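Presented below is the structure to which this report refers.
Letters are used for the chains, namely A, B and C, taken in the order the chains are written, and counting of residues starts over at 1 for each.
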Amino acid sequence: MKNPYQPRLATIDDIREEVGGQRAIKTFRLKFQDKDIQKDFNFLPGQCAMVSLFGTGECFFAISSSPTQKGHIEVSVMKLGKVTSALHECEPGDVVGVRGPYGNSFDVNGWQSKNLIFIGGGIGQAPLRSLINYVVDNRKKYGKLDVIYGARSSKDLSYKQEFAEMEKRKDVNVHLSIDVEEDGWKKFVGFVPTNLLRVKPSPKNAIAVTCGPPIMIKFVIQNLEKLGFTEDQIFTTLEMRMKCGIGKCGRCNIGNLYVCKDGPVFSYKQLKNIQGER
Amino acid sequence: MDRLILPKNKMSEFINAIKTKYQVFAPVENDGVTLFKQIKDSSEVNLDFSNSKVPPKALLFKQTETLFKFTPGTKGKIDPVDIPNEKTVIFGIRPCDAKSLTILDHVFKNDFEDPYYLTKRENTVLVGLSCNQPDVNCFCTSFDDGPASAEHVDILLTDIGDKYYVEVKSDKGKQLAKTVDKLLRPASENDGEKKKEVEKKAADIITRHQKTDGIVDKLDKIFDNPFWKNIAVKCLGCGTCTYLCPTCHCFDIQDETTMAKGARIRVWDSCMRPEYTLQASGYNPRPTRMNRVRNRVYHKYSYYPKNYDIIACVGCGRCIDNCPTNIDIIDVVTKAGEVKA
Amino acid sequence: MVDEKQLRDAVKKTVSRDDVKYVVGYKNGTYGFQVTPVFAFSLEDADKFIFSPLCVNNLAVYPMLEEKLPLRKGEEEDTRKIGLVVKGCDSRAIVQIIQEKGLKREDVVLIGIPCTGVIDPKKINAKFPHQTKTVDVKEDGEKFVIKVNGTTHKIPKDELLFEKCKHCENPNPVIYDILIGKEVKTSKKENYEDIKSLEKKSLEEKWDYWKKQFEKCIRCYACRDACPMCYCKECMVDQLSPQWIRRSVNLSENTAWHLMRAFHLAGRCIGCGECERACPMDIPLTKLNKKIEKDIKEMFDYTPGIDAEEKPLLAMFKPDDPEEFIL
């Protein structure tokens, strides 16, 4: 019997600092030590992995690299608690444990030829980045692509380099924003839900995915509904405290669904119908 | 199903014979508290008990389980541990506790198989003991079950006077029966009748009943009802109910280290504790006792049935016996059924 | 015998005050000898209140269990008082919490009950097992009158009382707003006989005794949650950085847990015995706390939970405190 609690060893290949300061965000590139395991690690955007620091603990992270990028996986980590702070102290060459992939994914097959609107805020962009890069790497299969992303200030924006590259492309519409006015910032200033109303994407043949702080999700969904999106056109990812990641420890339940197993991707229609604290 | 008789005076020999081929866990009196422990001799066994304090799920889903060992730090050295797979017998398990193992199987088998629980489960034979004298808070009959049900055990023993009526059900049971076939003889029709009498007498002793008809649908309607606040306001959040419940399966995973060695362990946890769902950001989706008590009741009577088609309560009554503030699940669920939606 | 009508009138008077959120008392439980806490939010709820020798719970645990959630926009904090029905030992818990500034005197309205002793549920359930219907217990002098299955039994009090009640020096509430009935006279004295006999044992005997007890522990923390004095926002056993006690359940960690908790209660434990009552594994926890209580009495001549104006023992220093190792 396979042991789902035992992680596979992965080496930290590269660490990129996205955001500095108190709530720092770093992207870790992990390569499984066993090349066969790396090759067989098949996942879809939206799925997550449990990353362990032996002796400190484990955390559930969204895989922020796209499955089209072979040879490694990436997770973006915000420094917040015990394990994430210890991860931030790591250096390339350090070995961590990885379990996964867990959870459900975005319906990348079902969404082919649809127009896609991805709305992210802060660290919530991590699972969206996997999705965006997957769509861009399979560009012809999908319709229009609008990426709306915002953070508190320009310093808090993640994936700056990737966005700079994306803005040059003609087949992706990038709409960045920051919350408060700043010298040198020429793009939109305001909250992400407001930016969404300004962009005014059409709900026709469209799917909207949003990830970010709960308060942002609340207003984004409100505004999406104002724009005419229906509840099965809106998707989001949820997070809960997790320990096992495989639906056994009982902790991450929302009603009868487990975020680690039946999520983290949920449609707005599902969320409206489950009773349970989230 | 084989139906046999074991004379009462042969019980000692029975246990000692099984012990030669299996490691045996049986109820042992431990300073006023009955617990399932491994026995070295049949004289340690105490069958004069209503039920053990800690349910026998603790033998398969251990309270503290080492998942694997490692060298702490970032060098990446893991030492897997051997999962014990000795042939085991849990002797004297009550039908309700045996049912709880069937219920727990769903969780540990789904999607990802849990080797720590399932290896032990596969290698364990359940020799059940019917209840002749159910306790005051037993209510297994509220779930179409009974104090002498052989449904979830491999062998069931029922005390019918000066002998035990032995029902051998599964292949595992038949294997075990082979090791003691000299002590067993076929049962007569009369013996079968006596067993039915004992069963009925025991079921009649149970007077407390919980109404669970349509509970899943009813609970869907009363999630936001203030009824839950009134139930939970006297809860201390002590977690005794969860630790003694045979179907509770929540656990925590921690890394425990010394300077040079470490192990990742799994320990029982309780959803009644405030920090159970506390996120690193400080946000807690279930901040009050009302949320947690309601979640516990719903998990047993709504979420589990929705996922696996069975109510995750066996009616053993331990939570009622041990709650310091008399929060009574029979009362709570019956009242929930009566609340105006 | 407590006049229940007087009690209910006192509850009605308290719950109808504008500045009182609710009153906590006792009502009949769901089976046998059970008594359960009841919360009165309105006058009708007050009629459920009872008081009998079965009322063992220490209700002083409830004011500190109140969850203070973040306020919504425009919402103001609910600073209304909480009413409590308290016996002698329960009131001492409230006094001790006030001493430590966990509560202010004005936060609680106390309905005091002079207590003549409560029954140990384990003893009465052993004597009359399997009671599903609610049983009535009354007092008659030095006996308890219990009507079970149609027969009336008169049992000497000593057979059923909690051990703590047999030596209780504070049966009357030391602090109250309303007193139900008259204060009881008592000549009982705490002589620590059971502690003295344990103290006389050799180190090996003592360790064997406690080893057997701590091995039973399942770390459910019922002792901590039932204790009115354990109200830390984050208990030391839940802390991870640093981790004082591991989460593994074994003799070593269990011993650490019990001894550390006993020390955290030094000079604060008022001997209500709820920890031992709540423990599902029958561990004699009060012995640990009583030993420390005895030591504190001998060293500092201090009894916790008597005077709300007094400062807590281990948080104050007097120049004549015995500290031979320093001076």
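In the analysis below, a residue touches a chain if its C-beta (ideal position, glycine included) is under 8 Å from a C-beta of that chain, and two chains touch if they have at least 3 such contacts.
All values reported here derive from a predicted model rather than from experimental measurement.
Chain nearest the geometric middle of the protein is B, using mean C-alpha positions.
Compared with chain B, the chain whose C-alpha mean position is the greatest distance off is A.
Chain A and chain B have CA centres that are 40 Å apart. Averaged C-alpha coordinates give centres for chain B and chain C that are 31 Å from one another. Averaging C-alpha coordinates per chain places the centre of chain A 50 Å away from that of chain C. Annotation for chain B: residues 252, 254 touch two or more other chains.
Taken in their complex, chain C has these residues touching chain B: 29-32, 34-39, 57, 61-62, 65, 67, 69, 129-132, 212-213, 216, 218, 220-222, 224-226, 238, 246-250, 274, 277-278, 280-282. Against chain C, in their complex, chain B makes its touches with residues 30-33, 35, 53-54, 63-64, 135-137, 207-208, 230, 233-234, 236-240, 242-244, 252, 254, 256, 265, 267-268, 270, 273, 275, 287-289, 320, 322, 324-328, 330-331.
The residues of chain B lying in touch with chain A in their complex are 67-68, 70-76, 78, 80, 107-108, 110-116, 118-119, 220, 223, 249-255, 257, 262, 264, 266, 269, 271, 276-281, 283, 285-286, 291, 295, 298-299, 302-304, 306-307.
Residues of chain A that touch chain B in their complex: 1-7, 9, 11, 33, 52-58, 80-81, 84, 90, 94-97, 214, 239-241, 243-244, 246-253, 255-256, 261, 275-278.
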